[in-house]
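Please go over the structures that come below.
Presented sequentially are two complexes of chain A, the first with chain B as partner and the second with chain C.
The block that comes next holds the complex of A and B.
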């Protein structure tokens, strides 16, 4: 009986874990900040959140909104998200069981970053992440998009740091 | 009274007192707390409302994070229930002195929070949290064995959602209070941050020479 309970608990816990196709990146410690970037995003609803996720990486000295001056480094971001929910009858069935029946939820995001300086594109970076989880009564789908954005921001920050296209901001 | 047993009465008194007790003005997440033998860096300051009557938020916080990490620390002022120590009481307001004991390294002062709740009969209890929509970034490089004075942050509010902190140097007042709460605290060193990037959330006089927190060492 105990084994059955343990197995059921494990199945529930592992089944509800969120999976991502984009691997988590570890940012190298001990580096100087990179120059400030001015970030423009084609999705006004998510713009502040994406800029905050870039700030959280601790890689850029500052992340500003808007275009900036001619000699500033700018990043244009194209953000596209597609949500995949189960068919409506399944959602109704889950609701009828007070969400004890898990629902398969996935979010497919594609984010393109175009790093520019003096009106020229230095490099384009593109990241696709498919996030999936089984959502039920005690574990809703909230936070999936945040987790995905966090991974994408860290991947971009690590790639920019590695490429060396953005100079370091040396302290005065 | 004869219906109350002595253990029950003691339990009720203890519970009531615990509910009315105080909490620390400094909150550090476990991974950033130095061990007993580990090197420590301290960040000291004070936080509280400029005017108690004009401040709708009884819970106010300054938020810090380890650079590039999900772990952080907070300086807290709470004015109701389990209050933080009201170390400073002036004509209209109050403030708590915080001492954040952290592992040395690079940190960022990046956000604040005003938290309040209100009750109205048709709607029930409404909770309000005000934070910066676009976070700022004020880097702090903390060396082992040093204690840094950040300043006094007194909140000013216009209604429930328009709040900001006024920064002032009150080291002479705050240092003895901090030393009283942490024995053996090193001498405080004023950390001159350029608060222009935190405008309009933190209102501070322009720094002389606009000196940013100097980052001239390499991290361990």
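The block that comes next holds the complex of A and C.
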């Protein structure tokens, strides 16, 4: 009995964790802000969220919407997401057991960032993240996309900071 | 017998579909990158509808790059489908209680407002309205999704006709 409880507890605690294929990046502290970027995102419904995630990295002086002027730095984002749910009978079965049967949910996102200046592409960055999770009654699949978005935004911010193509903006 | 089955199948497949029909419009050239914005969805259903609308607009080939949100530079189009009138509470409840077998007629009205902005300034507004009557049954084809698609096609045609947005 004890063993069974321990096993269930372990399964519940570890099995339900969300896994990502893109490693989490740590952004270095104490650096100067990078110059403002103008971000265009080819997804009207998620555009605001992706811009906010880039803002939250705290790497860029500001993240503006729109194309900006000719000499501004701009980032063009193409975003593709594939959601993978279990077959319908399994979902039905899980619903019939009041979602006590865990469902395997995975979200495959590919995000391409193109850093441009004066109409020329400086560099293209591409990130793929497969987020996977067993979701059940007390732990729904909500927030997976948000977590994935944060991860991708941080990865992009770190890479841009490291490459130095986008100049730093020195405090006046 | 076969005819009845066929008719029933067609009605089941076509009449009850709530998905939007593809637009009766194909663009020959794509506009410059611009933003297409819709009001924040208030329900999961509305979110799904917005996703469908965006996909339909994308499929017309008129947009080379669809961003979201307003910007001080460039063009943006605000697409607002709110303000219509559907079945009231009574037809909806009666329909649900009778498992959509009792035909309760009701009138509906759908609206579509498009506003085109350039550099944050309003250039032109477009307004469309469709109305009609239908009934809360599964065997009478739904006309509401069709009128939505028609209005979207009309908006796209008017945008092309006005030549306000430059091509890529």
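Heads up, the rule we're going with is that the second predicted complex is superposed on the first by the 171 of 172 C-alpha atoms of A that agree within 3 Å, B and C clash if a C-alpha of one lies under 4 Å from a C-alpha of the other, contacts with A are read in each partner's own complex, and residues count from 1 in each chain.
Rule of thumb we're sticking to: a residue touches a chain if its C-beta (ideal position, glycine included) is under 8 Å from a C-beta of that chain, and two chains touch if they have at least 3 such contacts.
A quick note: this is a predicted structure, and the numbers were derived from the prediction, not measured.
Asker: Taking the superposition as given, does A:133 touch the first partner, chain B, the second, chain C, both, or neither?
Answerer: A:133 sits against neither chain B nor chain C.
Asker: With both complexes overlaid on chain A, does A:61 touch chain B (first), chain C (second), both or neither?
Answerer: Touch partner of A:61: chain B, not chain C.
Asker: Based on the superposed arrangement, let me know which partner A:151 touches: chain B (first), chain C (second), both, or neither?
Answerer: Neither partner.
Asker: One more residue to check, A:51. First (chain B), second (chain C), both or neither?
Answerer: Once the two structures are laid over each other on A, A:51 reaches both partners.
Asker: Of the partners chain B and chain C, which touch A:29 in the superposed model: first, second, both, neither?
Answerer: Only chain B is touched by A:29; chain C is not.
Asker: With both complexes overlaid on chain A, does A:20 touch chain B (first), chain C (second), both or neither?
Answerer: Neither partner.
Asker: Residue overlap on chain A between the chain B contact set and the chain C contact set?
Answerer: 48, 51, 65
Asker: Would you mind writing out the residues of chain C in touch with chain A in their complex?
Answerer: The contact residues of chain C facing chain A are 33, 35-38, 47, 50-51, 54, 65-74.
Asker: Which residues of chain A touch chain B in the complex?
Answerer: Touch residues, chain A against chain B: 27, 29-30, 32-33, 48, 51-52, 55-59, 61-63, 65, 171-172.
Asker: Which of the residues in chain B come into contact with chain A in the complex?
Answerer: Answer in residue numbers: 65, 67-70, 106, 108, 110, 133-135, 137, 139, 197, 212, 214-216, 218-220.
Asker: Name, in rising order, each residue of chain A that touches chain C in their complex.
Answerer: Answer in residue numbers: 40-48, 51, 64-69, 76.
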